[in-house]
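As written, the chain order gives the labels A, B, C, D and E, with residue 1 at the start of each chain.
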Amino acid sequence: MRVAKVIGTTVSTIKSPRIAGTKLLILQATDETGEKELGKPFVAIDVVDAGVGDLVLTCHGSAARQTHITKDTPVDAVVMAVIDHLEVDGNVVFRKA
Amino acid sequence: MRVAKVIGTTVSTIKSPRIAGTKLLILQATDETGEKELGKPFVAIDVVDAGVGDLVLTCHGSAARQTHITKDTPVDAVVMAVIDHLEVDGNVVFRKA
Amino acid sequence: MRVAKVIGTTVSTIKSPRIAGTKLLILQATDETGEKELGKPFVAIDVVDAGVGDLVLTCHGSAARQTHITKDTPVDAVVMAVIDHLEVDGNVVFRKA
Amino acid sequence: MRVAKVIGTTVSTIKSPRIAGTKLLILQATDETGEKELGKPFVAIDVVDAGVGDLVLTCHGSAARQTHITKDTPVDAVVMAVIDHLEVDGNVVFRKA
Amino acid sequence: MRVAKVIGTTVSTIKSPRIAGTKLLILQATDETGEKELGKPFVAIDVVDAGVGDLVLTCHGSAARQTHITKDTPVDAVVMAVIDHLEVDGNVVFRKA
């Protein structure tokens, strides 16, 4: 899984019918503190009602289809948790506002 | 999923019989605004009748076989949505012409 | 699999119900000696009761669901072994304290 | 899928019995014109009788097992088409000799 | 698949019970000649009794579970062939000693 920040949304009228009604978020992966951006932005289905600005966990690949919302759909990434806090080497480095 | 721009097409006479009749697009991934190119071009099956110049969403891996067109085929990427607009930090950064 | 060091933990109240009760570790991949950091940190489910500071093996992708704890869950990485020692070119380069 | 050039072959006597009789090609991914090399060389099973010098399409991951030759085998990449031509922005940038 | 050199071994007492008895090798991917190191070292299960110094083929992802030894195990990489020789552009660039 990756630590990522929700930075936006994307809307599509023309799409595979299997993803009708899903919420598509734009995400930016971060380091283990939630502060430094890492790698390229990507798009994931939201199954935990996350919002822009939230720090979340995303899972990728076939794992992304292991939820009721994404079963048998053409999606390769899902937001599966909203992060409350991150602790590194015994110190809390991120705490949800 | 990735945000990507359709930049071309590829044609093959000699191919796995399971992909006969499919449309193969060449894509270039972009950042979350659809403007900056990111990473290497790749090829994906089109299931939403996208055209050159369209900004689309692509999904990768086993997820690419989760459509009627690509079921049980040797394909690892599919164009599964045409993007209408992208919104980042509350601003619309891309809107389909 | 990757050699990685456990560097922290993450806690989420809002999450996919299928991962309720699992322990989520933050990891940093290392080289074959366990010393040099490689690539970006990531998050994995722990199935071997590893602790912060341990050097472990992680597996990724659908393989991460091949344990009793992670079966049918939206997870793409799992800590599946704690490393006792690493031997490179005939020399022991890491030994668990 | 990736655009790649066949650059060589590899032979193994000691191998998983499930890949006995398959042809293993060495490939170098290229850009969308087939000219510029991109990324690292890799090895794939050939199912379309491609030859050294051919520009081909390769698919990766579980998709590589979706052919009669590669079903249930430990292979993660397959050459699934020989490219006749590539068209980018309305121009033919590669045509098979 | 990747061309890789076996550079070491790793031993774990605490591990997922499904991988008990398997041999875990540390590998370094190389270019198509077996000489130049590429990318990061990784760990794979050995199913062909390879040894340190051997040049081998590894496969990754769900393909790694397509052997009798790795079926239903949490492993994402397997050594599935020992390379006898590599031929690039008509020249033998590697031959097993």
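To be clear about the criterion, contacts are C-beta pairs under 8 Å (C-beta built on N, C-alpha and C of every residue); 3 or more make two chains touch, one makes a residue touch a chain.
Every value quoted in this text rests on a predicted model; they were computed, and no experiment measured them.
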{"item": "Chains in simultaneous contact with chain A and chain C", "value": "none"}
{"item": "Those chains which touch chain E and also touch chain A", "value": "C"}
{"item": "Turn needed to bring chain C onto chain D - CA fit, degrees, nearest 5", "value": "145"}
{"item": "Interface sides of chain B and chain D: same vs different residues, half threshold", "value": "different"}
{"item": "Centre-to-centre distance between chain B and chain A (centres being mean Cα positions), rounded to whole Å", "value": "20"}
{"item": "Inter-chain centre distance, chain B versus chain C - centres from mean C-alpha coordinates, in Å", "value": "32"}
{"item": "Touching two or more other chains - residue numbers and ranges from chain B", "value": "61-62, 64"}
{"item": "Cyclic ordering of chains (reference chain A, direction chain B)", "value": "A, B, D, E, C"}
{"item": "Residues on chain B engaged by chain D in the complex (per definition of touch)", "value": "7-16, 18-19, 24, 26, 28, 40-44, 52, 61-62, 64-65, 72-77"}
{"item": "Residues of chain D that touch chain B when the two form their complex", "value": "1-3, 29, 31-32, 38-39, 47-50, 57, 59-64, 66-67, 78, 80-90, 93"}
